[in-house]
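Several structures are given next for inspection.
Okay, so subunit A shows up in both of these, paired with subunit B first and subunit C after.
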Partner chain A sequence: MRFIFKTDYDQDIRLAKHGGHVFWYGLLCLLLVAAPVLLSEYLLAQLTFILIYGIVGLGLMLLAGFTGLFSIGHAAFLGVGAYTQAVFTGMGVPFPVALALAGLLSAAVGVVVGLPALRVKGIYLGIATLSFGFIVEEVFARWESVTGGNAGKSVGQVNIFGWVADSGTSFYFVCLVVTVICTLACINLLRSATGRAFVAIRDSEISAQSMGIHLAYYKTLSFALSAALAGIGGALYAHQIRFLSPDQFNIIQSIDLLLMVVIGGLGSIHGAFLGAIFLIGLPQAISAVKDFLPEAIAQAPGLKAVIYGAVLIGFVLFEPMGLYGRWLKIRTYLQLFPFYRKGMFKRQKSFQKSDRLK
Partner chain B sequence: MTTSLLSAQNLSVRFGGVLAVNNVSFDVREGEVFTLIGPNGAGKTTVFNLISRIYTPTAGTIDYAGPGGMLRLTDQPPHKIASLGIARTFQNIELFEHATVLHNLLVGHHTHSGGNLLSHMLYTRSVRQAEIAAREEVERVIDFLDLQHHRDSYVAGLPYGVRKVVELARALCTRPKLLLLDEPSSGLNVEETDDMAFWIQDIKNELGITVLMVEHDMSLVSKVSDRVLAMNQGEVLAMGTPREVQTDPGVIEAYLGSVDDMSSLRREAA
Partner chain C sequence: MQLLQLLISGVAQGCIYGLIALGFVLIYKATETVSFAQGELMMLGAFGGLVCMTVLGFPFWLSVLSAIAAMAVFGIALERLVIRPILGQPAFSIVMLTIGIGYMARGLVTMIPVIGTETHTLMVPYKDMIWKIGGNEMGIGAVVINIEQLVVIGCTALLCALLYVMFRYSKLGIAMQASSQNQLAAYYMGIPVKTLNGLVWGLAAAVAAIAGLLLAPITFIHANMGFIGLKAFPAAVVGGFGSLPGAIVGGLIIGVVESLSGFYLPEGFKDIAAYVVVLIMLMVMPNGLFGEKLRKKV
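Let's look at the complex of A and B:
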């Protein structure tokens, strides 16, 4: 059991709260840097995907986990980022500039989609974002002069002012740098007044407003940031997959993204990455065990969808706080051993909230 | 006579066919504790929601002595109210459940925390200093209300009485000139209600904050209030010192019914 004796306000706000953080995150960084040596080319590509989806997950986590606004059309932002990157790098714009443009354009689209969020909540916002997702997918398919339509569009290699990331390893490092920057920006945002305003809106709009938080501004901002991160993820995705077609950004992709943050654990930065590991890892795990399954099950169509659905239901029923919540419990168990009690994380019955003002 | 901080003139609110507040006028003077009392549905909370701009009055105006002189409160957007120096608590506690007490109080400090989006993302030196300054200020409120013990606990796990104090603390963190307390003693036990009475007096005397509150507990009302306004059915019944209002025949009638009502209940002699 670790007791943190605070003698300085700086201890409240610094990133690494104690020596354990320094050690474990340092080790993680070392492993990530050493990954190209440790992993095969195939596994490194999977790790690159995890980083890319992690960035998109960060965006959706900011929106769904911290601001309490759901989007069932997030693949659209991923698509906007991916196509923007494809078009601009195709025109010879250097990678960092194109990446910034992809983020900015997605953010602009996010602002537009955020407008209904100022009026509608919950399931209605879900439907609004869902239909937005369909519209964007249709635009990708029909705007052939730019997107190449259903025939698809191929994307070139990463070119940073003459330096070309032409191998899996070099592109992995590009993704790693972008991921670290995005993650740090998110963490910084969440420990500042802006992040607190997001959480305040999530938990009680009415009192957030009474504390002087401009609801419209912060909700729109949350949508814009979320879309920008999805767009940046999309831009990297375009380079990783090298070929874009509209059906990559359909409703299934949107649901996968939402699934990722819910299973990862809403309301935690770790959750975005744990969810990404899950999302990328599960198909690998399924194909790995396929050989040991009976023929009828292993070859059944939709096996993946059934397993995803079952896992999601399992999480919603038994672990609403997702993988990160489960990890917290395991950690607490180990820290407090043998004093951990079963009811420790049981949710307290929340007191009746005011219905009058909603 | 001291100057008035808040002045409501001929306020009326209509929700469809219901006239929730009907032609209510009152002044809150600087440095006093002003209490609204009345039976359920009298329109007290509606008056609160008018001041914090959650509702817009159908008729009438509210003027407030803001930082730059008198201004028309009813023309201000809701999120500006806090920066004008008006803070409030809610009848059924509206805290940020899945955040720590410290986090809740820092949200109260929101209007005073500078910095733009980019500086927040980069967490620049000035943002860091502002964060530490905010904590120092919040810490004074924590100290004032004896919340040290709960500083880092999550609100979702706190008992009702503590939540009530946290909500008061959060309102104080906005550096208010006028504090609106919606039933500060509801759900508190006798001891906690006594603490609340002391704090309200301290807030008035030590911090110099004007308090406007809605309250049902008459012992608390008479202990802390300078003036009381009694309402019923959206209308003003009486205004004056706690004693004057408590002995007002109209107020007694609103709470207990009149002699005529009683006589109709009386059983006829056989």
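Let's look at the complex of A and C:
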């Protein structure tokens, strides 16, 4: 059992709470830096995808997990970032500038989506964001002069003031740097007053208002930041896949992002990355297991959808805290052994007060 | 004349949206959960009718009735097995659950070797029939009305009338209304609320199956039919989420707007017309046309 003996207020707000954190996260960083040496080219590409989806997941986690605003159209921001990056790289703008512009433009679109969202709650917000997702996808398809329409648009390589990231390894390092910066930014945001305001809005809007939190400002800020992160992820996504078309950013992509965040564990930074690992890792696992399945099941086109759906249903029914929640339970069991009790993480059935007029 | 054809096809499409939205609203009124699986239930109903007609060889009317009955049973089973354990969780969990159910249903259907992966036609007795009004003997200048669309409109009207009679005059309907207005009071009055919730899900699934069977001659049966259900959400929102007539009216509005915008507005507006309407509606009248006023108690 580990006892954290606090002697200092700083310990409460430090990033690494104790030596164990420093050790394990340091080991993770070492492994990530050494990954090009340890992994094959294909696995390195998958790891790059995990990092990219992790950034997008951070954005959606910020919006859905920490502010409680559920957006079923998040792929739209991914697309805005991706197309912005494609257009500006095509015009010769250096990579960091284009990345910043992609983030800013996505944030602007996020504000445009977020402003009407202030008036609507719950499922209406979901439907509003769903509608925005469809509208933005159609705009991508129709605005042919900029986005190339349904014929698609090819994307140049990462060009940082002359140094071109032309190999898998160099692009992986670019993604790694951006991911680390975004993750640290998010963790710091959540430690700050803004982050606490977001969590307050999630837990109870009326209480947050009573405590003086300006709802409109913080909700719009949440949308903007979440969209900016999705835009940055989208920009890297554009460079990774090198060819964009509007149907990559449709409702299925949005639902996949939501799936990633829910399975990873709502309300945690780890959840975004665990969900990304799940999203990218499951198709690999399926194709690895395919050889052992009977022919009829293995070749069926719907196998991936069935497994995704089944896993999502399983997680919602049995493990609502997601993968990170399961890890927390295991870790608590190991930390408190043999004093772990079954009901420690029991979820409360909160029969919410009906929204309708009684 | 062109306008009449557009209106009729818009109203027919709107009736389909309205039927799916009716399913949403029924479930929302009874259990305050939003079900994203209605589109997939519609697809399953259509495939059920197809299977009954081709594989089992039933005549048309028997296969329609058995498809509807089978979907009703499926809806009741779904509620009992999957939804009931998590009632009381945050609304988002239930939404994700129904999204997962839809995902899985779509995947399962495409896994069935021959039937799932192709597009099929449903052999309805009124297939490809048209009705010409006016025009000269050669048929030039006539208004051509598709009987399939008229059947959709007629069936929807009939179904709405039946549902109205059921909810107003039958004990079951009144009990459903009671449990959806105030569950605790319904429990006190001896209404079996959990059983009724299951029956409401069964009813919603049956309505979705009817919508699927009506839609089948128009858009053919394939595994991605369920995406039409996504347009039914704007219909439910426009009508107001707690109102049954609002669902139908909302569906009609969305259908007519879509049909007219496909003809009069530039290319590409047809697909997003429904979503633009819902965004305008959310800004102007967030509770929809017939919706109840929402008020949050702390």
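Just so it is clear, the second predicted complex is superposed on the first by the 347 of 358 C-alpha atoms of A that agree within 3 Å, B and C clash if a C-alpha of one lies under 4 Å from a C-alpha of the other, contacts with A are read in each partner's own complex, and residues count from 1 in each chain.
Basically, a contact is a pair of C-beta atoms (placed from the backbone, for glycine too) under 8 Å apart; a residue touches a chain by one contact, two chains touch by 3 or more.
All figures in this text were calculated on a predicted structure; none of them were measured in a lab.
In the superposed model, A:301 lies in contact with subunit C only, and not with subunit B. Between subunit B and subunit C, C contacts the larger number of subunit A residues.
Contacts of A:212 after superposition: subunit B is touched, whereas subunit C is not reached. By the touch criterion defined above, A:238 reaches neither subunit B nor subunit C. Of the two partner chains placed by the overlay, only subunit C lies in contact with A:135; subunit B stays clear of it. When the two complexes are overlaid on their common chain A, residue A:269 makes contact with neither subunit B nor subunit C.
In the superposed pair of complexes, A:12 makes contact with subunit B only, with no contact to subunit C. Once the two complexes are overlaid on the shared chain, A:194 sits against subunit B while remaining clear of subunit C. In the superposed model, A:60 lies in contact with neither subunit B nor subunit C.
Contacts of A:185 after superposition: subunit B is touched, whereas subunit C is not reached. Residue overlap on subunit A between its contacts with subunit B in one complex and with subunit C in the other: 204, 206-207, 347, 350-354, 356-357.
Those residues of subunit B that touch subunit A in the complex are listed here as 45, 49, 52, 54, 78-83, 87-88, 90-99, 102-103, 106-108, 110-111, 113, 115, 117, 120-123, 127-128, 131-132, 135-136, 156-157, 160, 163, 170, 174. Subunit A meets subunit B in the complex at residues 9-10, 12-13, 185, 188-189, 191-197, 199-200, 202-204, 206-215, 221, 267, 347-348, 350-354, 356-357. Residues 64, 70, 116, 119-124, 126-128, 130-132, 134-135, 138, 141-142, 204, 206-207, 251, 255, 258-259, 262, 296-297, 300-310, 312-313, 316-317, 320, 347, 349-358 of subunit A are the ones touching subunit C in the complex. Residues of subunit C that touch subunit A in their complex: 32, 34, 82, 85-97, 99-111, 113, 116-117, 182, 223, 227, 230, 233-234, 237, 241-242, 267-268, 271-272, 275-276, 278-279, 282-283, 286, 292-298.
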